[in-house]
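A, B, C, D, E, F, G and H are the chain letters, set down in written order, and residue numbers restart from 1 in every chain.
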Amino acid sequence: MEAIQVSVPRIHPLDDYLRTDRLPHTLCPGCGIGIALNAFLRAVSELVGEGRLDRKNVLFVGGIGCTARTSMYTMFDSAHVTHGRAIPFATGARLANPNIIPVVFSGDGDLAGIGGNHLIHAARRNMDLLVVVINNMTYGLTGGQLSPTTPTGHYTTTTPYGNPERPFNLIPLVAAAGGNYVARASITQPEVMKSYFKKALLKEGFRLIEVVSTCPENYGRHLGYKSPSDFYLKIKGVVKMRSGVKPWDVKYDWNSEITIGEFVDRNEPGFSRLLHEQVRKVMAGEN
Amino acid sequence: MRGVSVGYLTGNQAVAEGAMAAGLKFYAGYPITPASDLFEYLSEKLPKRGGIVYQGEDEIASIVAAIGASWSGAKAMTATSGPGFSLMAESIGLAAMTETPVVVAVNMRTGPSTGIATTPGQGDVMQSRWLSHGHYPVVVYAPTGVQDSFDLTIKAFNVAEALRVPAIILSDAAIAHGREKVMMRSDVPVVSRKKPTPGSKYLPYEAGDDLVPPMAAFGEGFNVLVESLQHDERGYYVPTSHAFEKLVTRLNRKVDDNRKMIVESRVYGEENADVLLVAFGSYARVARGAARRAREEGFRVRVFVPISIWPLDEEGLRREASRAGSVVVMENNLGQLYREVQRVVRDRDVGFLPLLKVELPTPTEALRSLRGMVRA
Amino acid sequence: MSKPSPKVFDIVTIGDRCKECEICVTVCPTKVLVISDVMNRNGYKVSFAANPDKCIGCKLCEWSCPDFAIFVRQGEGKSRGLIVWSSPEKAVAR
Amino acid sequence: MRTEIILAGKGGQGILLAGYLIGYSVAKFTNYQVSSTEEYGAETRGTDSKMDIVISDEEIDFIGAERADVAIFMFKDQAAKYSRLVRDGATVMIDSTLVDASTLPASWRVIDLPFTELAEKGLGTPRVANMVMLGAFTTLGLVPLDALESAVREVVSPRWVDLNLKALRLGVEEASRKAVNPLTR
Amino acid sequence: MEAIQVSVPRIHPLDDYLRTDRLPHTLCPGCGIGIALNAFLRAVSELVGEGRLDRKNVLFVGGIGCTARTSMYTMFDSAHVTHGRAIPFATGARLANPNIIPVVFSGDGDLAGIGGNHLIHAARRNMDLLVVVINNMTYGLTGGQLSPTTPTGHYTTTTPYGNPERPFNLIPLVAAAGGNYVARASITQPEVMKSYFKKALLKEGFRLIEVVSTCPENYGRHLGYKSPSDFYLKIKGVVKMRSGVKPWDVKYDWNSEITIGEFVDRNEPGFSRLLHEQVRKVMAGEN
Amino acid sequence: MRGVSVGYLTGNQAVAEGAMAAGLKFYAGYPITPASDLFEYLSEKLPKRGGIVYQGEDEIASIVAAIGASWSGAKAMTATSGPGFSLMAESIGLAAMTETPVVVAVNMRTGPSTGIATTPGQGDVMQSRWLSHGHYPVVVYAPTGVQDSFDLTIKAFNVAEALRVPAIILSDAAIAHGREKVMMRSDVPVVSRKKPTPGSKYLPYEAGDDLVPPMAAFGEGFNVLVESLQHDERGYYVPTSHAFEKLVTRLNRKVDDNRKMIVESRVYGEENADVLLVAFGSYARVARGAARRAREEGFRVRVFVPISIWPLDEEGLRREASRAGSVVVMENNLGQLYREVQRVVRDRDVGFLPLLKVELPTPTEALRSLRGMVRA
Amino acid sequence: MSKPSPKVFDIVTIGDRCKECEICVTVCPTKVLVISDVMNRNGYKVSFAANPDKCIGCKLCEWSCPDFAIFVRQGEGKSRGLIVWSSPEKAVAR
Amino acid sequence: MRTEIILAGKGGQGILLAGYLIGYSVAKFTNYQVSSTEEYGAETRGTDSKMDIVISDEEIDFIGAERADVAIFMFKDQAAKYSRLVRDGATVMIDSTLVDASTLPASWRVIDLPFTELAEKGLGTPRVANMVMLGAFTTLGLVPLDALESAVREVVSPRWVDLNLKALRLGVEEASRKAVNPLTR
């Protein structure tokens, strides 16, 4: 076993939230996931700085995928579990200890593909989770296969003749399932993204933030974007920020508009509170 | 007796009571016959003790929630039967790899596939050990009745917590729904996971000589890393042969080196028997009945009952086998425990008596078959 | 992004983290950044603030870097572009 | 000593409750061991319900009955259906309202009492026939009456306790009148 | 093995579509599932009579549950598979033979609980399936546990202190996922239900018909409905038929209104057609 | 050679080619390393032959779609690796119970749990037989290279179709991603499921002496009934011991009684060897290399390679074992094939050489370890 | 539901299928149906058209029976309530 | 006769294509057996890429190289990294543009040619250094030049075929000039 290097100098303003001894991380050059993580950690660091968040309660959970791998680098209680199962893991962790603030940070395939059922059920229950879906429209880690959010017609390694499927538009889907907060951000607007993270981190109940992102290596190349920047600029061009839009009017169209903004913002009691309240009442003989 | 309460419970209720006695704090379940009533019983009882009962959207959600809850410091459990257990295959591996204490009660019903939901089966013996991919550790106990259901549930929790492994209670519909008098001691020895010293430098997968790393809970400030990839002591992904061999060997040695703590078996009947009849679970009760009937006929049957199925009490089994006229394994499948007995008892033939039934065979029936084959 | 008042900045690249992705170069509104000739141990030529004077401190580079490899801090005297290394052995000259 | 009991009736006759009360009272109020198993699979109304109970002063091996020492049949056809599980010389109680004693094997010691009729006439409802039967059952000496009475008090919903206790006692009286030899244990 | 009784006299007008040798079926007295099956078979029999449907192409698939058990009685190609997996099974059967007309007939737990992910993905793809969800708001077969459609507060065997969860409203959920046809019927209006079945049977793409139903045995009793009729009349009172309602305005409220009606009715090409079209083109070298 | 095309393919490509040669018409997959490239290869090639490639939302959706497709008359397949295979546990039982021909290619990677996605493993040997609940049949082949990947895929399809059982190709990342010259005959014998005579009275689970019922497809007017419950010849649910015993016995006998058709093994090296080295899959190649190296040292190693893992060629193994100085099983796990060899070779000790590696050990390395243990 | 013209009906209960659930009794708009005294082999008292004359042929009973146990057909002469059995041995008198 | 070959370079040098071409030409255009394995795990750019190729006139047992008869190193440090897998007396080709021949074990028969430089100078791009190397490789007699040429034509995208063939021939020429003894098979 190699000597274990526990600390390296912290230089970057976010280094306090990173396992810096593992950097550089294994994501490809220019991958949008890193930009989203950057905004997320900034949101946490600001909230901690403002005394509004206790970082020791933050639980950072990923399933399996490039996005999920961010859990290997975050300096919180972190979990890198199995493909699609970040939500139930985080659910159990929170229900067993309602002080925990679970953040599920994972990919479109992980959360809306194999894990889609956990996603809609967590939303339905208004389970106290912040779920961040990094939507790079592909299965990045496994090499750029079709994902449930890949636009129709796109060429991927498993759709060499063009994707015949229609993608999910996650905003109306999750909004229809339930939850207190549903928003979509883009890696091309990091400050906006951070503000959504900050807001969502402080709410109870189910919160979903979809982040429109890129996979320059395994998807962008297939689409003909020669560099990470090309893909980045494509995204920058297609996202449109709108406010006051109803979730079912939100667009997810590669050729015209991918709407970003906040679409649901409620404050109904979270499932975890309701359940613990019930247990309290039962113990007190009130139920 | 002081500190003992007497119950007249079903196996399912006894497992639930055992779990609560062992300190259960989180139960996640998904309905399935014949495990639903265990879930229902806990739905009523556990909240009274401040525990959480949660219904997942499927069995995967349920066991993974239990694993998550365990990392939040709660003693956690789920229960299911064949189809649901099959769905948990991947998650059992997750628990083993992340060294998460979790207890899974599996009530066998008639299989394969949907089979018959309401009748007892014994077709999941091999599955209980090998359902997940990779070479991972697991401990499996098979209660033979309601008292065992209570006692072995406590034991399963204790082993799960002591070794940070998933522990399985492999029961069946006959025991789960049968009712018996059960003595429940209130002062049962309860083991809880070892914790790191507060403020210490902590590596979540660094074990001492006992091979079991201490386990910090979420929210305690240790920045733990739960990792399903091959990892080193820190939980860092290290894809080398060295790290692989080290981790997988340690994981499995936790069980192998602690056989003493885990293993349990029982023998019944005469010493110098004509036949050593090996049977587990509800069929152990049939076998004991058969031995009783055999005695009336002057036929000497000794019954060997493995209580821990994985690992088996190999020594005990070999010792007993060496003393009997012949050795026969009787189970409700086409040869599962039988394969293990064959492997362990190498120096002599082992007979196999498959009694494929959807209800318990009577001792007389079993004895008739046994005599038929021992004669032949 | 927050507005810094004295308009002097250090634009710092962490050499061993940079992956030459050019995102920072692309997002910088004032073309401060370039891919330098300095190659790190992983074979990437690292980003560098070649025109520090033009920096307006918007931090878009810092916010957009997927690798936590660049940040912008209050400078002294005069804006500078820097490349730092998190440990000496990670510094690789070209 | 191991005693095997079979209890059979139709769904709705309260057979499972009666069996549960026997087991409960033995478990809680005696030093004996007890176990029981039910037959399942009732998918439509009107199916048989059958319970095996084993009472023993030592650990119980097989939990079911295969040569019952005592059998109780509360509905017709059941005696025929389960007779292979009842040993010669067994004590067999039947509800003579619904079961015809003349059809039973001669090797059994039959106690026939019209439980349903007794319940209907004596207590105004056939629904406590199971309790009348239980009262009669205590006269076999396997379970003390007071244990069963305690069990009824703990298990049965308070508003039915009195009626049930009355039914129990009615069963005791009627059975005693038949002057059964209690089983010796 | 008992002698196999292959045919019994056919008396009832729908006997032609039933394995009459297995009747009476194992559903409990007064169970709403039978009413829904009745309407479904009537729809088929009418279409067959009208020469618009070839019954030999109908594939009737259930997962596991009381509702799914209807597949044991229907005289079509039928499949009674595993819990939650009726949709993927039917999907494979249809994709391998595009003449097949698969009907998935299963319970709320089977389709929206464990099988929820298959449901939303099939809708997303506009997969050529008619999915009938018999929503009795409970897990009937296993004894009346909580289902994802059980109303909040209801007492079930696994929520002895009242259900703390919020139920799915399946209409907006499935509509947000995709599909050509989304409707909700009630067992209390069998003729309307039949008309939906008829319409949906002839469409391509994904079609969902949710049927508000009862489980008098394992759920109704818990709720205090003493007889099947009592529960039936409760349902009759709470459902309100509306037309022109948008899916997201459809109500699912036990105490006020459960809206029934047709909410999505489109004719986009089904996934099976698109995929086979693509294969045809590839074979012809056009792609 | 006429009718033979020569390829230079990876194991994954060879499996895909073998499947197409065997008549594959429906592939459903879900990406996972190291099986994704098999899926990708078929995504391009299969539509050219008029077949359908479908990506499910997870592994369960994929294998169940393949089962559904098989009932529509298509030869159907899926491919995956450990985590995905674990998720298929319940569905393998469904296929076995409904007697659905379906082929599952499993490329083992380093486990347990997520483990290492890119490196070869051998930890899923027991899992491949026992992952589902109940006593069900399955056939498992382990290719040792690219040629085998082609040939055994055809064989797997043929057995699946002939016996109406799920057949598994248990390969690993080394073979899946390794490349070799492969000879692909165009006139391979291809077996397809037996069909009922059109218009005949048809019971979907009524078998003749060969134990395998003919299989009608959906849409052919037979009103077939696919049933996961315990059923009789009609597919009607019959929850009796008689029906259970009859069905489960027949299901499993389909494999047991057809061992001749299924079983395959190979031996390499000298007749009267010092050691019989048992190894499968990519480790069989290591073992053969070690035998070559051993020869140079005058140490005689004979290599026994099981090709069918479930069932094993027990006779062949016993025969070979009886002739060698000692018997050693070498695999990349802590004892899985080993357990079976122990069970089969009962009259003598069997040594175990676990080489836990994330890359293939070299023959020299293997030989060194072998000599170390044979000496000791 | 379709309007039958000559208003004469046979209301037929299939005795061995009926489960005494009373749904037909509940839905019948004209109170034609009752639960009879006839018990079938499964112990259910079967539904019966006690007031056939009131039948308007709406078939709500037929449509609402979960057990395919009742149907209404054109009658002759005079409306009748019938109980039929799908096989002789399934008929059980009270 | 079994010949083990190791081919190593940096990602981007076209090592895997070169190895594939060797294997492809042997498989398709000779009667020899051939196998190859790659080393994976390249998660960031600039990682090593290494391929083992085995060519044999009989069935190949072990598919990797452990005592390579031929090794080709296209980047520095690799010789040191893999030397334990190369046998004494092996023929070792290096790209002398990037690898320093003087650091190599004396027991090897080294052929050093500046493949990258040759490609850059002779054909205007370093990207065909791998093809120049392949050309040189044919002079070892393991794979006939025409087989490799056919492989290039079948495998390489049409617009690069000519350039690649030129590079191949350049490699042949340059290597012949070094007058290597071909390996005899």
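Going forward, contacts are C-beta pairs under 8 Å (C-beta built on N, C-alpha and C of every residue); 3 or more make two chains touch, one makes a residue touch a chain.
Just so you know, these numbers come straight off a predicted model, no measurement behind them.
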Any chain that touches chain H and chain G: none
Best-connected chain pair, where connection means C-beta pairs in contact: B-F
Farthest chain relative to chain E (centres taken as mean CA coordinates): H
Centre distance in Å when chain A and chain D are each reduced to the mean of their C-alpha atoms: 63
Whole-Å separation of chain centres (CA-atom averages), chain C against chain H: 40
Chain B residues counted as touching two or more neighbouring chains: 47, 57-58, 83, 90, 94, 98, 113-114, 118-119, 228-229, 239, 359
Touching two or more other chains - residue numbers and ranges from chain E: 24, 28-29, 64, 80, 82, 114, 116-117, 121, 148, 161, 275, 278, 282
Set of chain H residues in contact with two or more other chains: 41, 44-45
Touching residues on chain A, where the partner in the complex is chain C: 8-9, 11-15, 18, 20, 23-25, 27-35, 37-39, 42, 187, 190-191, 194, 216, 227-229, 232-233
Parts of chain F lying in touch with chain A, wherever the complex brings them together: 29-33, 36-37, 39-40, 43-44, 47, 53, 55, 57-59, 83, 113-114
Contact set on chain A toward chain B in their complex: 1, 4, 6, 22, 56-57, 59, 64, 71-72, 75-82, 85, 87-97, 99-100, 117-118, 121, 275-276, 278-279, 282-283
Chain E - residues contacting chain B, complex: 64, 80, 82-84, 113-114, 116, 139, 142-143, 145-146, 148, 157-161
Touching residues (chain side chain F, partner chain B) in the complex: 81-83, 85-87, 89-90, 93-94, 96-98, 108, 110-116, 118-119, 121, 123-124, 126-127, 129-136, 228-230, 239-241, 244-245, 248-249, 251-252, 333-334, 336, 339, 342-343, 346-347, 356-359
